[in-house]
């Protein structure tokens, strides 16, 4: 075998084998497991059934799904509302300071979300910073019960996931051909109109990517709900975690995962659509 | 005035991003167990961390897994990125697709899917399974980092090397790799950080005999907020900060 | 209605410490095709952006149709721009691109349709309404950009290096088309280019700029034949420069000028004193070449001996580079084929061949030496 073929085979082979074994196979197994039955002594029994999916329609679980989607959607919306102007201002900032502004977003992006969630507890505690501040300002007499509420979970999720919204938005806005904005103004569009009909559509891949990177982890970050949420706050992540670790109902946990993956697939479809629409680049 | 408003908005969001961490860091030096008010500076919580043998063991576990998984992921990811960039082969799109799926997969889905795999394979949950999992989720980050540098390459450099008689491996070794070094090192550093920080996937794929730092922090926090955790979190944040700064400076170089 | 559709009054533009426009005054007449010509960085694009409203002058005023619009944003000015990169919205069809402006003005229904299709017809693209910009060739994108601007019936159309992205042949065709379009619509065009040939062939008037200042404003013929300074002379077309001294003033604009020993009686539009150093500028096509034993030599003082250094065959002309024997200076000349010379043998110059050079007096331009 020639050197050419050898190197090529080793390079392709290594990653191909790894990904097939540790990315493709496991995902396939989740799908299979979701159609199996839970056993008494074993985790899974080879009796094909759609029971797991049927059980997800149980109002109890539907409520969990709904609640988790709601919290995640609120988080995504808040991140978008806070993040878009923020990313926009960074992208339009003086090129000399822009890398530093961006770095200040990248650092929390890489910082352990566990540490960041923990920091949120310290802030929201009954005798935490926020309560102390509000009391000393005389706005409240008694410390508020900020922790263990849905609001705290949303705050925690927004806090940990905001950088995941800002970075793709920044990338999309920074890439935007500013001459198109000038062209819109030149043709008589005011700022709001320009924003709605040119800037938003052209940065939509960034918007969808950011929403994906916030919404999907938002469904799964069980420790945020564990730390900040009340006893009733259950995310899909908590649900799946319990099926695998305490309830030992793997088919059901798998079915919930498959559902999550399908949601992901739908959002990727949306992303590709947005990218296709916006990226019909002008060839010069 | 418009500029002022913009600056204020930026400052507000940055404050939101950094204030909680800053508070955490400050408290980690506060000489009080329960009180929120400042009781004086102390290294005490860091000392008690350093005397906690159990914690040191767990931290060591994490560092070993991070070092090994980052190295493995960097080797596989770099080779993979070069292969995907250089060659047209059947299944190339499938590989690209799998990398994309890995990046996009919610961590919890990846966690349980790997758990299923390991249980089916009969692997005992512990060091090996954590290492394999961490390598897996780090690979796409290395591929993306290396790929973005590759796509900024002058294609003729590779052709020039081959024109001058270099074999495929020599071209990789003498031309591609040296130019890729900053991206490769950045990829390694980011993989190291990912491994050090991962909670969700480790949660599923480790066994009772092998604990890693984030899981330890998770169980400590569940038991209540303590100043030791402030100190530990500060250490973890500082580590991330240093690594990210180095990685960023490497990626920016020679742009 | 004011006579001048656009007026810039002592407009200055500075970015930090760098001043790119030094108090420029410019008046654009209604319905004319005006070209801003100059090398890159001369400030021509800045002027265009001041007119469009993308930049505001550091000092000075912009008047549009007699109204001070200095503080108005681009969307409130009755001007439209054809961008260098066309800046077509990639996510919209050709139709939606063209309809963008009218829709903002509240035009809808059949009127919108009529106007859009009319604009597309003007640029011969009525069959392409439903295409996306990415599906069009460069020339077609250019036309869409023009239609998108024209559909708004602007007071002035601003064109920023609009043809520079096209290949040579297409650019030539578009030049003619643009000129016809401008005549047919009667709209004022302000065109920015660095290509002097383009400027000369399309414009009613040319504004030659350099380093943030206007060097000369005039018809193409004026800037080409009567450049006001050396920059204009050299930037607008090729030119030969000979340095000489005034040795006698005859009055009525006639001077004896000493060009390294050849004293020639020439007329200048400017006045010079005896002893002044001057540059005598001659276009290549105005130089005549005399071969050994050719023609009748009347006054040897008017003939400059030299040798052919290079012969460049260009199809319609033969260009010679001649090195003058006395000063070792190089002159470039353009010789046209003569209709009497069917075989073209009269232009069969050899490298190293000795020749004499002169020009028809009166076609030169005399400027103070810089």
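The chains carry the letters A, B and C, assigned in the order they are written, with residues numbered from 1 in each.
What we mean here is this: a residue touches a chain if its C-beta (ideal position, glycine included) is under 8 Å from a C-beta of that chain, and two chains touch if they have at least 3 such contacts.
If you're wondering where the values come from, they're calculated on a predicted model, not measured in any experiment.
Where each step is a move between two chains that touch, what is the least number of such steps from chain A to chain B?
So the least number of steps between the two chains is 1.
Please flag the chain sitting at the greatest distance from chain A, going by CA centroids.
If we average the C-alpha coordinates per chain, C ends up farthest from chain A.
Using CA atom averages as chain centres, what separation in Å is found between chain A and chain B?
Measuring from centre to centre gives 17 Å for this pair.
In whole angstrom, how far does the Cα centroid of chain A sit from the Cα centroid of chain C?
Once rounded, the distance between the two centres reads 56 Å.
Could you grab the centroid distance between chain B and chain C? Build each centroid from C-alpha atoms only and quote it in angstrom.
59
How about chain A: which of its residues touch chain B in the complex?
3-4, 6-8, 10-12, 14-16, 18-20, 22-27, 29-30, 33, 43, 82, 85-86, 89-90, 99, 101, 103-108, 110-116, 118-123, 125, 127-129, 132, 159, 162-163, 212, 216-217, 219-223, 226-227, 236-237, 240-241, 244, 250, 253-254, 257, 260-261, 264, 268
Which residues, counting only chain C, touch chain A once they are in their complex?
Residue list for chain C touching chain A: 52-54, 73-76, 79-81, 83, 85-91, 100-101, 104-105, 132-134, 138, 141, 148-149, 152, 165.
What residues on chain A touch chain C, complex-wise?
Of all residues in chain A, those touching chain C are 177, 179-180, 182-190, 193, 197-198, 201-202, 277-284.
Can you check the complex and tell me which residues of chain B touch chain A?
Touch list, chain B to chain A: 6, 9-10, 13-14, 16-21, 23-24, 27, 36, 75-77, 79-80, 82-84, 86-87, 89, 91, 95, 98-99, 101-102, 104-110, 112-117, 119-120, 132-133, 135-136, 139, 143, 167-169, 172, 190, 193, 196-197, 199-200, 203-204, 214, 217-218, 221-222, 225, 229-230, 233, 236-237, 240-241, 243-245, 248, 252.
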